[in-house]
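We just call them A, B, C, D, E and F in the order they show up, numbering each chain from 1.
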Amino acid sequence: MSAEPIVYLTGNFVPASQAGLKIYDAGIVLGATATEFTRTFAGELFRLDDHLRRLFRSLKYLRLDIGMDLARLREITRELAAHNLPLLPPGAELGIIHFVTPGEFRVYAGSAGAGGSSGPTVCIHSMPLPLHLWKETFVQGAHLVIASNRHVPPQCMDPKMKYRSRLHYYLADLEARQVDPKASALLLDLDGNLTETGGANFLLVRNGAVCSPTTRNILPGISREVVIELCAELGIPFQERDLQPYDAINADEAFLATTPYCLAPVTRINTMPVGDGLPGPIFRRLLAAWSHKVGVDIGQQVLGATVASA
Amino acid sequence: MSAEPIVYLTGNFVPASQAGLKIYDAGIVLGATATEFTRTFAGELFRLDDHLRRLFRSLKYLRLDIGMDLARLREITRELAAHNLPLLPPGAELGIIHFVTPGEFRVYAGSAGAGGSSGPTVCIHSMPLPLHLWKETFVQGAHLVIASNRHVPPQCMDPKMKYRSRLHYYLADLEARQVDPKASALLLDLDGNLTETGGANFLLVRNGAVCSPTTRNILPGISREVVIELCAELGIPFQERDLQPYDAINADEAFLATTPYCLAPVTRINTMPVGDGLPGPIFRRLLAAWSHKVGVDIGQQVLGATVASA
Amino acid sequence: MSAEPIVYLTGNFVPASQAGLKIYDAGIVLGATATEFTRTFAGELFRLDDHLRRLFRSLKYLRLDIGMDLARLREITRELAAHNLPLLPPGAELGIIHFVTPGEFRVYAGSAGAGGSSGPTVCIHSMPLPLHLWKETFVQGAHLVIASNRHVPPQCMDPKMKYRSRLHYYLADLEARQVDPKASALLLDLDGNLTETGGANFLLVRNGAVCSPTTRNILPGISREVVIELCAELGIPFQERDLQPYDAINADEAFLATTPYCLAPVTRINTMPVGDGLPGPIFRRLLAAWSHKVGVDIGQQVLGATVASA
Amino acid sequence: MSAEPIVYLTGNFVPASQAGLKIYDAGIVLGATATEFTRTFAGELFRLDDHLRRLFRSLKYLRLDIGMDLARLREITRELAAHNLPLLPPGAELGIIHFVTPGEFRVYAGSAGAGGSSGPTVCIHSMPLPLHLWKETFVQGAHLVIASNRHVPPQCMDPKMKYRSRLHYYLADLEARQVDPKASALLLDLDGNLTETGGANFLLVRNGAVCSPTTRNILPGISREVVIELCAELGIPFQERDLQPYDAINADEAFLATTPYCLAPVTRINTMPVGDGLPGPIFRRLLAAWSHKVGVDIGQQVLGATVASA
Amino acid sequence: MSAEPIVYLTGNFVPASQAGLKIYDAGIVLGATATEFTRTFAGELFRLDDHLRRLFRSLKYLRLDIGMDLARLREITRELAAHNLPLLPPGAELGIIHFVTPGEFRVYAGSAGAGGSSGPTVCIHSMPLPLHLWKETFVQGAHLVIASNRHVPPQCMDPKMKYRSRLHYYLADLEARQVDPKASALLLDLDGNLTETGGANFLLVRNGAVCSPTTRNILPGISREVVIELCAELGIPFQERDLQPYDAINADEAFLATTPYCLAPVTRINTMPVGDGLPGPIFRRLLAAWSHKVGVDIGQQVLGATVASA
Amino acid sequence: MSAEPIVYLTGNFVPASQAGLKIYDAGIVLGATATEFTRTFAGELFRLDDHLRRLFRSLKYLRLDIGMDLARLREITRELAAHNLPLLPPGAELGIIHFVTPGEFRVYAGSAGAGGSSGPTVCIHSMPLPLHLWKETFVQGAHLVIASNRHVPPQCMDPKMKYRSRLHYYLADLEARQVDPKASALLLDLDGNLTETGGANFLLVRNGAVCSPTTRNILPGISREVVIELCAELGIPFQERDLQPYDAINADEAFLATTPYCLAPVTRINTMPVGDGLPGPIFRRLLAAWSHKVGVDIGQQVLGATVASA
């Protein structure tokens, strides 16, 4: 193997520069892709098994058999990480992406069958975690705007599966940036309940409790699971319930939970400040506890990130 | 240029064998892709401008500026067709696919910005139309099964835009094949109205009229537009209205309309025969009129197709 | 055969007094019954074939094979009518009811299979049309009340099939009578659109046109079909569209269409008069035209009906 | 009284062979029926009062006054059981069905009034519990398929009332058997949440907790109540929440709860194995605890059942 | 009477300076108000009877009896107009507002009854039409933004009644101005279909036809009725159907219809130009035809309006 | 200041007799009003700060800046109460109403801007609490009727904000009084779940627990908060969940919670008795505990109220 990062592609490791997807792949033609995003803390993969278990739940839902079990996929992932980690700049962390598609879409490829394929495409690739991208978010807080475009309901595509048919997120983000160029979209479900953003779980604080939308309408994020655990450890009540824009606008605090940067405070919703417009005490307690748990000062890591790390 | 087919990729023609999409492209990461599929009849591109106009409507909806207008895109398309057509086997037709994505997804690519990109990916590629794939459909008729998984509503992703975040189609097709291995899914909207299949418009015949779901829930297909024109020419009433599974099951005839094979009879829905289970007279009149219009016997062309043509 | 009316019950004619349904029949246990109601005018069966065609559409939807075709069922029906008609009091008309159930419900019957049955129950029975029941309705007009209980949507049970799982009608009628003891319920669909009553189609007149809810939410009644034909003959526009309570309350006229009494004026909705509270001119024109078509003065027949005729 | 089982029918005990419902009864014409199903364990009626209380809640909802209170209905039921129990084959258990309808439907019966009746029909009948019907289910586990046909929402007919307008169950079961001939349908509500099957409550196990759909969309079954009690006794968490097909497909275990056979493991959903495809440990603990509570080895009883017992 | 404009208030004419509503009025406490807005062209009241007929439909829907019929209300209106018109500056037009509330809300007023009142409040007042307010709209075109806040559905408050419980419009307009300070909100219904703005009907042009949302979700505006008439006169097809944001964004033209300024071009939707971003040819034809019909150059009148006219 | 009660109106105290709202105010024209209702017990304002905090949440939701903070508004409110309390008849209590509107609606006022205004209208006024109005309710219990007209969903106007665009309440109350002249409406949400009445929260008792609809669909009333606290103090379980009409009809008890009279038993729903038709034991315990908390026998105070107190 080379000094170049490697990519796992349906049975083989290849140099990253040679990894591409055929334009006939169902992942491109249908957006039919299950995926996961895992990261390291100080070079250690964080909750890889939780991510892989969720991936296998997605695969079962999609009736995709990738011809290996979780143990084997873990082994391949660790092998890829072992190769690519040493190539990172000092102080950088690794982000690992798994994705699986049904494989070649035969109509476009010119071979036989209706919507069928030769077998799933399984890809694992990595990148230096671009923590510098979220530096401003950590300093100023994230901005959210509630979009008119709605989240796809579970009877069409279940958000509990991490998938890539995400055009609705893209459309909602377009709207959000019309209101506030720094903002991401906070999507509503068809009944007007809060769900999530295109890349993170949304959580709010009210009367000292952390409140989350229900798993009916969101990805049950691994970072959100960490928040639930930390809340239990810190004695902070955690509630799952239907929430509406009124709740977001009048929250005491709000924050995002997601693998790349763990937690980020939300300081503006629809251009209005959340609470006093600053990261709140419960957010800070959770971030500190998480940092302690993984032995990395997460906030400092993001603030100290440089483009060079990418 | 080579004797190999060429692909247009964001500004350049490249040999097909060198055309791939980066695994960081938003078309792969988000399924954020607008697309079109155009075909030839006897080597002449059919209604290319209708397809391109629809593509530009999709691009406006997605706020994507590809830096050229319809005239220029038509010119490039014709240039690609002129190169690739002579490479077809005798008697084969060309299928041309346009697709546009927002471009590189920066988080995964390791560059700056949230959801941003360096500029749209514009791709045009072609293939010999694999008409042999639908031979059995023409002989036996298409089979459809109404799935429990529902079509994405327009307030999430508008089906009037031809897009590739199509995981819901994939899920519905999985269901359909559990009932009838030859079947495709006929999707319902959230209110239980008929919409379309993953690859074609659905039309039924009742009391001598052709009935279609409304454009609220479907792609207003170019082939469906041809059907509307042919109905007008043949004096067949054409109605657009909300239809339910009862209407499909009790239709006198049903058929699919789509670019690759134009029209195909639907002979089974939920395993039950449609009408007498044979292609119906209105389907046959429409197919004949279409064949006459394009100077190609469409049915014969499909029946005579060979794998070699692919 | 006897001087008693006969009933057709799954293969045999039996005297009415011996016709009963086993308490294990799926028609009782599940309310799983397709049905039709046909009547005579001056002793002639009216549009029997339309009723039977609709019944066969219901049977196809329910995947029930009764082992005979429309021609045979028509023959049996005519035989039953020929026997029972002479037993009517002078001047009376015959009402004929067809109903089909999946047959014995095995769990309750103690035999084998889950939800299965030995074969469909097919029943045809008749009665003197109790026209006296609607005399007051013809004199004073029908009263309707819009209930809070909603009509079952087509994705649960399609109202285009005439079925007997009608508990929602029963519940809505209970509500209606709380407001107005003479009233029947006018049910709304889940979106708040007008649908139908438990026994009749609802039609209203606005600016000289007859307006009907769409067939998405209602039984496409044979009497309603007659209204459509009569409107065409009389030059009265007929429109099908989503209507709301506002439209009913502010209609110029309203009326019911149903097999037993053909047409009846609606004079009160939610206790408020419709128009001037009297049967309107378009209702009267339609009733006159219908009477002319069948050679019976329908209004006079109802007004002259006596309990003796029952 | 005879050696034949007796049936209670609106005031009288009659021999079972003479018990039938008039084809004019609203239970047949409208499917307007409230019902209960109670069974014995070792000849003792199980939770009869819970069933009767639920019946009286249904009757209040339907504004039906049957002219007696719970105590009197219990007395009649016990009298019927006392007569019919000795007629059972050795080792058999008794199933008792109560049902109440609004009585004769006057329009069809030829008497007076719109939708009215002479008084409710009250029927109690019994049968040997056909446990042999579920033997295969106990050996192989139940199979479920998620149907496209949806459960009727509570604003049309509240499922908390055990009623017999169940055509939607029938339609969904037809779909299920197209996929898997051994399967029953698992119905979704209009929002795509799991509800119940046509004859049982659906429960799943996830991370050691038993999860149930909410009572918004299901019958709060007496057997499900037993499960709640047993969970409390065994220290198994019990949660009520909106669940989606993803949850069913990825459950660790799933099972059905219903009066006739108490509990049955679900081993396949949409043809895919639930967990490892075998009855799970929590199911087995619950079944054992239930058996202990009633002094009958429920599993053995089903496995040992013979057709002769029917 | 004075040289001051007069106001009609529940039985009396009073000087405008003395007209106020008690803070206990149900119009204030409940927003329970039916209203109309009528204007003059060259001092002649335009379609007063159409407005009054719609008001009486609203009153019937609200069960409000104002103790006079349309003829009497017309007479009072004309008397008020006759007094106030001469007080207008030269060239100005009169706007007349009718509104009716249920009257005093007793709980707040301290008198008896639950929600009751002493009798309806009937108010008619006028103002110089502030045409200068729309000058910029006529020069640059109106801007619209599709808001996430939705229109109230007809099963809550029917938009066919012109009412004043309009907080949802206010909320949507707040959103619109966050995107584009000049914009008004274009509201979607709960299914994501286009409805109307807070003050005008929305119409679009596609392939030469004028398309409108259906009257299910909008006020059937008098100005919209004029457009329908003018379309018929000019041979322009007019279609009523469910439309989605995609249709608005890709329209050839769009415009607003409303009493104060009749018609205004919509040149931006969600900040994107409609068509070429200029008032379109069909808009101009309709405005010219309307001007001709009323003998006033409507565009010139708006462009020439001065604040003095207010 | 005078011996007349005073009213605070946008910066000034004025005598009540001079307080009126301009007919151009957005509170009248749009029903765009946030409001609160606070009362005294024995002359002491009860939970004023809770009311003011909720008002400020409403103002944030409406983006209305009234130019003062909670402390200043509390001060003004106390000043008004101090003046108006001594003017009450002996034994009377004070009701204080806050309301805020966006101010003058410019189109109607004849000044500039689209929907804009000169600044919010802030009004505080008081009245002797008309407790005699609810005497009969305390003696006989409140009557409720479930209306067909539905509550406005939170995606149109969030009920967590106390607002005055309440035409839907008015319409529902009209329906309720058609069934039972003493009844108020109990509104359902669009899915058929129970919400609230036009003036109070609805709570029911089942198996010893107090059950409430969720805050998705209701005002989280201050009195309801008191009930939650009292339940905790008394050891009565309190549950928030979706409830349906079946639950209301079959509740053991039901009651209303609202500021003016705190708690009132509901004894009839849809004309049927709740439980035994008398105020229930949990209602009585809660009322007694509340009376003890505020040092006023609430029931006696209502029963002893005289019109003179108004």
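By our rule, a contact is a pair of C-beta atoms (placed from the backbone, for glycine too) under 8 Å apart; a residue touches a chain by one contact, two chains touch by 3 or more.
If you're wondering where the values come from, they're calculated on a predicted model, not measured in any experiment.
A.B. asks: If every step must land on a chain the current one touches, say how few steps get you from subunit B to subunit F.
C.D. replies: 2
A.B. asks: Tell me, please, which chain's centre (mean of its C-alpha atoms) is farthest from the centre of subunit D?
C.D. replies: If we average the C-alpha coordinates per chain, E ends up farthest from subunit D.
A.B. asks: Measuring between Cα centroids, what's the chain most distant from subunit C?
C.D. replies: Between subunit C and the rest, the longest centre separation is with A.
A.B. asks: In terms of C-beta pairs in contact, which of E-F and B-D ranks higher?
C.D. replies: Between the two chain pairs, E-F has more contacting C-beta pairs.
A.B. asks: Can you give the whole-Å distance between the Cα centres of subunit A and subunit F?
C.D. replies: Each chain's C-alpha centroid was found; their separation is 44 Å.
A.B. asks: At least two partner chains per residue is the criterion; list those residues in subunit D.
C.D. replies: Where subunit D meets two or more other chains at a single residue, that happens at 61, 63, 148, 150, 153, 155, 188, 192, 245.
A.B. asks: Can you list every touching chain pair?
C.D. replies: Result of the pairwise touch check is A-B, A-D, A-E, A-F, B-C, B-D, B-E, C-D, C-E, C-F, D-F, E-F.
A.B. asks: Quick check: in the complex, which residue numbers of subunit D touch subunit B?
C.D. replies: 146-148, 150, 175, 178-180, 188, 192, 245, 270-271
A.B. asks: Which of the residues in subunit A come into contact with subunit F in the complex?
C.D. replies: Those in contact with subunit F are residues 188, 191-193, 241-242, 244-247, 249-250, 272.
A.B. asks: If we count contacts the way the header does, which residues on subunit D are in touch with subunit F in the complex?
C.D. replies: Those in contact with subunit F are residues 57, 60-61, 63, 153-155, 158, 160-161, 214, 216.
A.B. asks: Provide the residue numbers of subunit D that touch subunit C in the complex, in ascending order.
C.D. replies: 7, 19-23, 26-33, 61-63, 97, 102, 106-115, 123, 125, 127-128, 130, 132-133, 148-153, 155-157, 163-171, 173-174, 184, 190, 198-199, 260, 307, 310
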